[in-house]
Amino acid sequence: MQRFSGRHFVLRRIGLYILIFWCAITLNFIIPRLMPGNAASALMARSQGTLPPSALRALELAFGIHTHASMFTQYVDYLRNTLTGHFGISFTYFPTPVAQVIGSMLPWTLFLIGLSTVIAFVLGNIIGVYSAWRRGHRLADALPVAFTLMSSMPYFWAGLALLYVLGFTLNWFPISHAYSHNIQLGWNFQSLGSVLYHAILPAFSIVITTMGRWVLDMRNNLIGILSDDYVTLAQMKGLPEREIMVNYGARNALLPVLTSFAMSLGFVVGGAVVVEVVFNYPGIGFGLFNAVINSDYPMMQAILLIIVVAVLLANLVIDLLYSFLDRRISDA
Amino acid sequence: MADDPIALTIKQMSVSYPSPRGWVQAVRDVSLQVKRGQMVGLAGESGSGKSTLAMAATRVLRPPSARIGGSVRIIGRDVFSLSVRELRAARWKTFAFVSQSAMNALNPVMSVRAQMRDAIRAHDSMYSSGNADKRCEEVLRIVDVPVNKLDSYPHQLSGGQRQRVVIALALILQPQLIIMDEPTTALDVVAQRAIIALIRRLQRQLGFAVLLITHDLTLVLEVADEVVIMYGGRVMETGASNELLGNAMHPYSRALIQSFPPLHGVMTRQEGIPGTPPDMVNPPEGCPFAARCILAKEVCLREMPVLVTHGNRAVACHHAAGNRTFGGSIQ
Amino acid sequence: MSARSVITDTLTSAKRERFVSLRFLNTKAIVGLSIVGLFVVVAIFAPVIAPGNPSADSYLPNLSPGSAHWLGTTSFGQGVLRQVVWGARGSLLVSFLAGGITTFVAVAVGVTSGLLLGWTDRILSFLTNVFLVIPSLPLLIVLSSYLPSKGDLIIILVISMTSWAYSARTLRSQVLSLRERDFVLHAKLVGQPWWSIVFGEILPNMGSLVVSGLLYSMIGALLTVTSLDFLGVGNISAVSWGSMLYWAQNNGALLNGLWWWFVPPGVAITLFGGALALLNFSLDEITNPRLRQRKVKVRGR
């Protein structure tokens, strides 16, 4: 059997992700052209007079109307523009380029959603390990059920409820935006404190609603693994229980959990962007919402693409982690 | 040698565990002994209760997930009265238990070295990684696995190598008793024989005692000193291998011997034993084998024959010579 | 054991999963089923339970919950309870239909992919990967903002078309492992035709996975459609739990302290989704013996 190095596995995955990225770009190209043609024209008609001619021209290019170029030329132009980051001009923030607007929103989303997803994953797995380890105890058996119920809440509704109680009623937390408007944002403790303070409620609503998946995933996988032969052998070796739980149980159970984490990332991120809307958090979720309200089509499509890229990159990170945790994958 | 200390004594052990249909009486009143430096084979079909017996005797299986009766002594210590801490300390150091399908007994995400080291570390307060590594290399050499495999992961080893690594792992703390439950099931016949021969050789060299659990009666008859044959949770026949090999008394032992090809000698037509093992939720009143036994009579269905000793051996069968008289002593 | 008895053993063990008997139903399943049943009854008999037009502004606005209006009224003077009752219709419809269609697509793709292998499998697997990675909610938001009309049916179809990938992937790997099992090999050996193997041997053994996928898809569809409605890109002219949240959010329900406007629909969604999740939870316990049985191999001691 030929041995591949771990790098081959990762390279294969990168190839797959590039293909998927191409699909996403192409889908982005097709969607506006597939939609009933008059939607774009109607928009154009509606926009006459409100938008300067240069923006209209950009719109025409984006949707391929009033143009005599062939579909293929349009596609090539579109690909070139997209890959070089030329997503066009935002209608809402005219005449700022879309790329620039997204550049100012993206860090907030990466911070909020990235952080809370990681926190939820880590916490969820810890609770999952606990509930499998102490199976039969009342708390250990109740926790997975409780978190399962919590994960049935719409993310944004959990946000609404928290906002109402802790924000509006008790005034413990700020009710919107990512930092206090009284301060000049910079790399100092005051800014950092304000940013963290504003992130607590939205992050908390994402964490409590997404954690249930990982709790249940880890618990069920670990319970399965605890009756595997190598766990029995570890017990017979007289290893301390904690060591068995971590090195023999959790380390093996983590692998399938990571896979399903990668698989559900799109769903989690999708739900989390709506949380931004509830808190007027200035990330790309809120940006997407504003773009939809203002029919800012170039913005919408660019944001969709950025989300796809973010999820792809996160998948890549998980692949790297996976090939590090499980040597089998690099030899397969 | 009468004063030879005993490695393992199991006395009147009964084990039942719950199932959706009721309590499964997997082991019923079983006694056996393994002397120091001796290899004893425990043979029977799957479902005969042999693995359950081993798991209960080593406290892998314990209440409330099982009802356990009887007593077990390993190297002079009463297993059931050990505290959790004492039991953990005794495991692997006094007795090692290699459970079924050693193919999957190694943790796929840890290197061989890490899995050997943690066993040493768990039992040696003076643990140093240098000494540990030396011991790891030593045991790998004993079982004929290249030392450079220490940093391999299980999937990088062949089935035979994994098996050897598990045996090396069992030797690492020099236990006085090793219980092996079907250690070779996943291997092909040639590799199986090599492994069994290896175990036998090491056992003679290093002097530990072995309880070898297997469904392959002919195999244990060739390598073990003594053999215990179980069926339906009970001991059917015991005795020295060389006596049993040509002259099994119990119809079940004979059928079992016939259903496996001999390792040496002429190939003959093999016959399976017709029928299936009894339902252990409601075990039959009489001899458990009666339903499949060609010699079964009315008394066999009604009354469980007692285990009667005949010299060095014992058999539980109404047909075995002298069994219907009351002369035999109960072991 | 003879070769014949090995085969009959595996055959019977294969058939066993088809008849998961009802006596295994545990408390979680009973609670889950009762809640789902209750919501279905409420949705069907909405005109009987809360007669009148749920959108009509028939009462005084902004009334807090009391004996006259159990859940108060909205800023438009609509009864919140009546809206929640009628809203069950729209929300459950999307959940059941979109969940069903999603599962159908997932089974079709997953089973085809796992059975045919080769190029079909590669293409379908790739497609699955694409839809796994492209987050369906943002895609839906963009898609539905292009849509000229936003009827329930279109939303249902779009949700189904974008969210089948997760189940499809799980089902495919189940098919891959099933096709190597003895009873499938045996069926092939005795020359059963492919359709008989698929419908007689493979699909019945995927029952629990399919149902679990259906439950997940129903929860997912409900959460998705609620989010779409909340953002105003869904069918907000109809009364549903999601559109209630939209109107509450856009009329300052939080700001004005009208908690009874946005809490009940959210509670309804959580209850219904939670009931489905409970069913899934107990399904896991029923079909996975390791989760069900009291530990027989016990660690530690």
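As written, the chains take the letters A, B and C, and residue 1 is the first residue of each chain.
Just so it is clear, contacts are C-beta pairs under 8 Å (C-beta built on N, C-alpha and C of every residue); 3 or more make two chains touch, one makes a residue touch a chain.
In this text, all values refer to a predicted model and were calculated from it rather than measured experimentally.
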With centres defined as the mean of Cα atoms, the chain at greatest distance from subunit B is chain A
Most centrally placed chain - per-chain CA mean versus overall CA mean:
C
Rounded to a whole Å, what is the gap between the Cα centroids of subunit B and subunit C?
49
Chain centres from averaged Cα atoms put subunit A and subunit B apart, in whole Å, by 53
Centre distance in Å when subunit A and subunit C are each reduced to the mean of their C-alpha atoms:
22
Where in subunit B do residues touch at least two different other chains?
60, 87
On subunit A, where are the residues touching two or more other chains?
232, 235
Could you list the positions in subunit C whose residues touch two or more of the other chains?
294-295, 297, 300
Which residues of subunit A touch subunit C once you look at their complex with the stated criterion?
16-17, 19-20, 23-24, 27, 31-32, 35-36, 39, 135-136, 144-145, 148-149, 151-157, 160-161, 163-164, 168-169, 212, 216, 220, 223-224, 226-227, 231-232, 235, 241, 244, 263-267, 269-271, 273-274, 277-278, 288-289, 292-293, 295, 300-301, 303-304, 307-308, 311-312, 315
Contacting residues of subunit B [partner subunit A, same complex]:
58, 60, 87-93, 96-102, 104-110, 118-119, 122-123, 153, 155-156, 166, 169
Okay, in this complex, where on subunit A does subunit B touch?
228-230, 232-240, 243, 247-248, 251-252, 255, 325-328, 331
Please output the residues of subunit C touching subunit A within their complex, sorted ascending.
28, 126, 129-130, 132-139, 141-143, 145-148, 166, 169, 219-220, 223-224, 226-227, 230-233, 245, 249, 254-255, 257, 259, 262-263, 266, 269-270, 272-274, 276-278, 281, 284, 288, 290-291, 294-295, 297, 299-300
